[in-house]
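Note that the chains take the letters A, B and C in the order they are written out, and that residue 1 is the start of every chain.
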Amino acid sequence: MGDLLAVVVDGLIYSSWLFVIAAGLTIIYGVMRILNMAHGSLYALGAYAAASLVGVWMRGGQPPFGTYLLLVAAALLVGLVMGPLVERGLLRFTYGRDEVVMVLVTYALFLVLEDVIKLIWGVESYFVTEPYGLLGTFELGPLSYPVYSGVLVLAAVVVGLGLRWGIYGTRYGKLLVAVIHDREMAAALGIDVRRVFLVTFTLGTTLAALGGALTAPTVSVVPGMGVEVIVLAFAVVVIGGMGSMQGAALGSLIVGVVRSAAVHYLPQVELFSIYLVMALVLAFRPRGLFVAPEARKI
Amino acid sequence: MPAVLEVRGLTKTFGAVTAAADITLDVAEDTVVGLIGSNGAGKTTFVNLVTGYLKPSAGSILYRGRDITALTPRQVTRLGICRSFQSPQLFDSLTAHENLRVGVDIVARGTGAFASSAAGQSPGEAVEAMLRRFQLDAYRDAPAGTLPEGVRKLLDIAMALVVKPQVLLLDEPTSGVSSEEKFGLMDLVLGAIRAEKVTVLFVEHDMEIVRRYTHRILAFYEGRIIADAPTAEALENSEVRRFVIGDEPGRPQEKPC
Amino acid sequence: MRRLDRTTAVLLGALVALLALGPVLPKWAVFLVTVALAKGLVALGLLVLMRAGLVSFGQGLYYALGAYAAGMTVQALGVGDAVPMLLLGTAVAAGAAGLLGLLLARYRTIFFAMLSLAFSMILYGLLVKSSALGSTDGFNVVPRTVLGLAASRGGIYGLAVICCFAAALGVHLLLGSPLGRLAPAIRDNELRVEYMGASVRNAVHLFVVLAAALAGLGGGITALAVGHIDPEMAYWTTSGEFVFVAILSGTGSPLAPFAGAILLELLRSFAYEYSPNTWQMVIGGAMLLVILFLPAGLWSVFARRRRAA
């Protein structure tokens, strides 16, 4: 019984982590049709930025509880700087190209950013312990969990609800949906598609950085930390159905629980359980779980 | 005359929309049949069903007595039923020559109804012959994506003929072609297959074309066949006039909102 | 005597030149070219797939299978000759594609890329967890003979050159054949291909198997040349590198992937030596430049010049 509870709770925590990262990837793909491989580097940038900000803050003798705000601040900083920089500085020259070419462009960007990170922060590890340690642990039946895990779950819920409200509840969200469905038509109706792209990419970047910033307290921040994250996020997005937010949420949940089950019952498959799920889902639902209907071709 | 195509109770629904409603008809060999009807009446759906692109919700399709209902477009094509498309389906980055060559290569590897009947002709020669027949030689080295629409339509039809069909379904062959060129195109296409006793069904909105080239008409309305008769008779049919041609004597048609 | 077409003539010339240069080149160059040619083989497979409009982000799967299978012929079968090792590596890779292709051939664009990535990551996971195969450390591979002669760096180099020549020639002939001509048709309009009576799925499956065989052969050669195999060969970044070579080279000629691979190895060696923290940036930057300004790859520069002449 304790085992099952552990699988579910572990799964939930892991799913939350995945969702925060996958959400940014999903929204960028949904609106811009770009599968952003640099998402992993932006995630890493968020973690490094968090490490630096918290480091400066703590060295300045400030109250440790402020570090939580710093995590969010780090994400915003990275998002607001890198989002426009990448979108205006690179991506906008490639719009209209084939989807797979866009993957290659973002892959090249990922390679560049990985080294940029090394140039700025060097190759040593950073630690951001305060936000994690401060909250202590809580008991859940026979199990003990760090309270910080709850922060992750909370963040996922906030992001999910926030995006849902943003997309379906606001006027700007409706413009977003129009662009998602038909870029050309939206432009013909007077929507500033370029501005929508800029905002979307910045939002997606911020979410990636948020994922990294929130993760920083739980791992050692090292070069290459984004490499594995990219393929995990991809798997979630593909499972859910490219560009679907419900899909990202459900996909995160499925992947999280499956991986958690693997860790507890079949550790040999833990590393690739997510890819197995992806292959299985694609075998039965070739375009993922939630697919937008397509207009007929002939 | 034995029917080359028999359709029995063919039905296709997409949720609440009935695109084909219990269609039953026979098509005689070596005839030219016009498929008419307003937009959304089910003409293209019919072509899609017969050629295997769509699976019917109910009913069956027989080709020379053989049930082809469950077959895929590839299998249907290999049996001898080919089609052209409303929007030309070409290989845009390949030249006109290369487009046809793909078809010729496929036929050359085939057997049975698919075997190349032009013995001794190299694939290249077969393509050139086809280009000449359709007066497309001037475009032989131009990428299909750069060709004018009328030429693309011709090439699309030529592609359907490369594989030597016995039944040819043309979806709006003259749409997108200027009025002066429509007759020329139809003369060219029908002339090209005259000798081979091909059965032709084509979707058409222009009644002059229909009047001139068809032996028989199938009129569609909301997925049903409302008329199945020799051309002159069908065009006089009051239902056809009401729902397709819009030609009721007296008041102009007023549809309720 | 039939006149050879230009590509075949150049391939023959390259074969002769590389074989002749072998004894004269310094050891590091022989090693670099061998490893580069092996990677070029994988990129050649990608070229075939890209002609059909498909990009695989998981060729590392077959690359690793080829390497591990080649390695296992020594461990498990006691066979130490390079040729059977390569044959087995190629066969295992092709066999895997024969099986996986049944599923893969149903997908296109992003899903094809992602599914192939998923399969390679599954193999990676399996290899890492497999202590019998050395887990993350992998194991060493030392061929004893090459076609009966004692194995040497030069011998493996020569074998690699011959294999690459054969592969490039084979692909060249394929691309000029009806099946090869079907590839760009599939890329442009699959529906039309089906409506002309050809099976797109069968053709794609075949291309997948061919690309896998080439990748397996490349993996085997790499194992022989480097003397060591590890799971990293199946990791997605390895697959990404192959895609990069294919993009850099362009799909214009079967020679291009080999030229591109050699260029990349040279670039990487020098970049890594002078600045180990920026070589990824250099490669990423180069890729961006190529994608933005030379979308048909570097080879298109040669092709353009030839047409103008």
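Definition applied: a residue touches a chain if its C-beta (ideal position, glycine included) is under 8 Å from a C-beta of that chain, and two chains touch if they have at least 3 such contacts.
Worth saying up front: this structure is predicted, and the values here are computed from it rather than measured.
Colleague: If every chain is a node and every touching pair an edge, decide which shape results: line, ring, star, complete or other.
Modeller: Basically all the chains touch each other, so complete.
Colleague: Which chain is the middle one, judged by CA centres?
Modeller: If one averages C-alpha positions chain by chain, the most central is C.
Colleague: Looking only at C-beta pairs in contact, point me to the busier pair out of A-C and A-B.
Modeller: A-C
Colleague: Rounded to the nearest whole Å, what is the centre-to-centre distance of subunit B and subunit C, using the mean of the C-alpha atoms as each centre?
Modeller: Computed value for the inter-centroid distance: 45 Å.
Colleague: Could you grab the centroid distance between subunit A and subunit C? Build each centroid from C-alpha atoms only and quote it in angstrom.
Modeller: That gives a centre separation of 32 Å.
Colleague: Would you mind pulling out the distance in Å between where the CA atoms of subunit A average out and where those of subunit B do?
Modeller: Roughly 50 Å separates the two chain centres.
Colleague: Send over the residues of subunit B in touch with two or more other chains.
Modeller: In subunit B, residues 89 touch at least two other chains, as defined above.
Colleague: Residues of subunit C touching 2+ other chains?
Modeller: 191
Colleague: Note the residues in subunit A that touch 2 or more other chains, in rising order.
Modeller: Counting only residues that touch two or more other chains, subunit A contributes 298.
Colleague: Considering only the defined contacts, which subunit C positions touch subunit A in the complex?
Modeller: 55, 57, 103, 106-107, 109-111, 113-115, 117-119, 121-122, 124-126, 128-129, 191, 236-237, 240, 243-244, 247, 277-281, 283-285, 287-288, 291-292, 295
Colleague: Which residues of subunit A touch subunit B once you look at their complex with the stated criterion?
Modeller: Touching subunit B: residues 298 of subunit A.
Colleague: Name, in rising order, each residue of subunit B that touches subunit C in their complex.
Modeller: Its residues touching subunit C are 51, 72-74, 77-78, 82-83, 89-94, 98, 101-103, 105-110, 114, 159-160, 162-163.
Colleague: Which of the residues in subunit A come into contact with subunit C in the complex?
Modeller: Against subunit C, the touching part of subunit A is residues 35, 90, 93-94, 99-101, 103-105, 107-112, 114-116, 118-119, 123, 227, 231, 234-235, 238, 242, 268-272, 275-276, 278-279, 282-283, 286-287, 297-298.
Colleague: Over in the complex, which subunit B residues touch subunit A? Could you list them?
Modeller: Subunit B reaches subunit A through residues 44, 48, 53, 85-87, 89, 171.
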